[in-house]
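The letters A, B and C name the chains in turn, as written, and every chain counts its residues from 1.
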């Protein structure tokens, strides 16, 4: 406790002359985009991820396309079963898979909670249908289903939507493309740790 | 309007032709400047080296010399910046409230040359003639601290006969940095060498800038290389006219 | 066993810089790297139509937080504890290291995996862990390259930027096998292959490590949320696979609420790597049952930050979000690289933060840092939290000089005092000019002074010096009544200019 008291005391002494600043929030809180979904698709594809746009009854087929030849697939609890294509060796995470078991899995299917158009980002809060964090980390292929109503234009709107999850203690994972590094001579190399392939299925309501 | 000329200690001692050109140029534009002899130096050398109390005499001399003027014009971006940004700090260090008040009242009336010409006199074409290929180094103090923007360039482009050539990587610092040039001479020269290289690459005959401190450093490298490029202060080009027949 | 090098013993900047300037590979790497990142940053920042407003908001949020830091830290402690984390407070590096080592020891581990963390580098945590017989595996690719290469980081974001791909290959072939899975024998220097070797080598460490250590980019006060912004995924590996997670975070990383991230998650990726968004950002609130580490520790680190807070002018440095854009635009850093600064924080931000964290007037190398700048201001122009670095540099120069007053004045102090006297009165300056004019005629040749002895040699070794003219401006003014009486004795005609030898 000594350290705590001393640090707080140092802070008190240091602030003798510190004025308090009003925070100016004149930055944009919302953004107008003519085609939010189109923008989202473009930006996600910019990161060399694949995006398949489909209607609600085409999701299973789209996921099958994403999976390609992968058959050993982890499906998290709460994932919409009607979206799971047939013919897969489905692995459940109940009881929780060990790291080695996860490593042997070829792909993971999840839903998401928010998509961000300007940055091409998908965000998971690891609730229903998204699984615990390790599930989207260890397998090499991540297929993520995003519904159109989950996609917002820019970061401030996304943060606003995610606040409830955070207040409920949920962890968040923001994913913008696959992992990458530019550490060697600044040349961007895709796929270091984490899934080297990301495939996004964007579900749009059928046009009347 | 009573206008005082702050020629700067560097120009006073080393580059009087810049001060003379400034006087001639302004006279041609109908402005007779005073040169109050009490002036010495803006004090930036002291402040930038960390010797703030030692800058107090210079700041005092500046306020004493120029307090009575409506405007003060100076052919140096770094000195104008020093007056505006550093004099209040020095005055506060002195604890002399009269000096603080004097500085606060005077600083807004001090103009770098291109600011004075464009903003106060409202001129861009100063009636100059200079038929040569010229490239300009924008100087960090003028662009980043004073925010003179494109004033110097506009003034130069209006000069009759001039050919302006863009300087590659113009916004890069030349490496002078005051006492930096002596405390870190190797880095200073490395930076200046690149600046000199860009000047030569431009193919210009003349390098111009609004600060003789930068010019002295770049020139020193160019002449050591026997580059055959000459340097001139902005005031000198703007003062140039056709030689009378 | 890996032994970590430290910056101790780096000579003062002017000396270290001279050697660095002569390193042609470093010069070439640095030039390429900094110019590339500058262009990328400029492009994505240019896309923001509210960049200036975002930076102002960011600066204000940080300033407000610093002004109420005590309250926010208490809130942090409360929310973290509620979320199931154990909060520790560390006054200095030794205290922080002891806390971390004790936790690791209590779990009887002989290795930990680490996510890149400037704070843990600052306190030299790896040295403390190694002394306790615990291997600290860096998992960030560049940090791993530095660690395997028995090297020092030279940049806060791309620490191995001074290394070529062929050097990286050599390091991997030579060292990887000693500490884990070796690379393929036919490893080439293609960056993709090198990254692949790193992936395989580290994967087994991620899978088996019981304890992970991380830093944090942001710490949210009202929810106790920690946030890590990364590219490679090694962060996610360390934050979710091990059983125990220890996060060391500087007390200045606090933000009031989660919604404040709407500003920083726009500014940080764009300023740091020139991307609209970095690949992975993770946030977590203490312990999430059934997901990730079930034992979570957070070490709140002071280590001089309260000293910075106490400096009215310098406290703006606490706004820093470690984006490195100041380094990337700095013309000095570009030419010397990071090692010459002798600190984990190099470049512009390092030159103000390190002297304030360490204190001035204590050692020569630290005192030299605020002078390692030409004050060009390029850093201030790009800083996403508007730290006026040149202002703080000049302020710290004053503190360095003040810390040495009172003894026998050195040569520079004497010169400055002399100049102060001379420049106190116009008449004294006029007198000096007479001498300068004469001296110039003695030393100059055709208008130029060549080589001079020390200390003027610092200038003249590489540069010519113009000859002081016989007649100063004020003498001319007197003689010719401001040029009104200037018949006959013309000054140098403007067309001639200067610089003709």
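Here is the rule we use: contacts are C-beta pairs under 8 Å (C-beta built on N, C-alpha and C of every residue); 3 or more make two chains touch, one makes a residue touch a chain.
Everything numeric in this text was worked out from a predicted model, so none of it was measured.
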Given subunit A and subunit C, the chains that contact each of them: none
Relative to subunit A, chain with the most remote C-alpha centre: B
Intercentroid distance (Cα basis), subunit C paired with subunit B, Å: 31
Computed distance of Cα centres, subunit B from subunit A, in Å: 54
Shared interface positions of subunit B, touching two or more other chains: none
For subunit A, residues that touch 2 or more chains besides their own: none
Of all residues in subunit C, the ones touching two or more other chains: none
Residues of subunit C that touch subunit B when the two form their complex: 13-14, 17-18, 21, 331-332, 335-336, 370-378, 380-381, 391, 394, 396-402, 412-413, 416-417, 419-430, 432-433, 436, 448, 455, 458-459, 461-466, 468-469, 471-474, 476-477, 482-483, 491-492, 494-501
Contact footprint of subunit C on subunit A as seen in their complex: 3-4, 6-8, 10-15, 17-29, 43, 47, 96, 99-100, 103, 116, 118-121, 126, 132-134, 137-138, 155-156, 158-160, 162-163, 166-167, 169-187, 189, 191-194
For the subunit B and subunit C complex, residues of the former touching the latter: 7, 9, 11-17, 19-21, 23-24, 27, 33, 35, 37-41, 43, 45-52, 54-58, 60-61, 65, 85-86, 130, 140, 144-145, 171-173, 175-192, 206, 216-217, 219-224, 226, 228-232, 236-237, 239-240, 243
Residue numbers on subunit C that touch subunit A, as the complex places them: 29, 32-33, 36-37, 49-50, 53-54, 56-57, 60-61, 63-64, 66-70, 73-74, 77, 83, 88-91, 95, 139-142, 145, 158-161, 163-165, 168, 191-192, 194-195, 198-199, 202-203, 206-207, 220, 223, 225, 231-234, 236-237, 239-241, 251, 258-259, 261-263, 265-266, 269, 273, 275-286, 288, 290-292, 300, 302, 306-307, 309-310, 312, 315
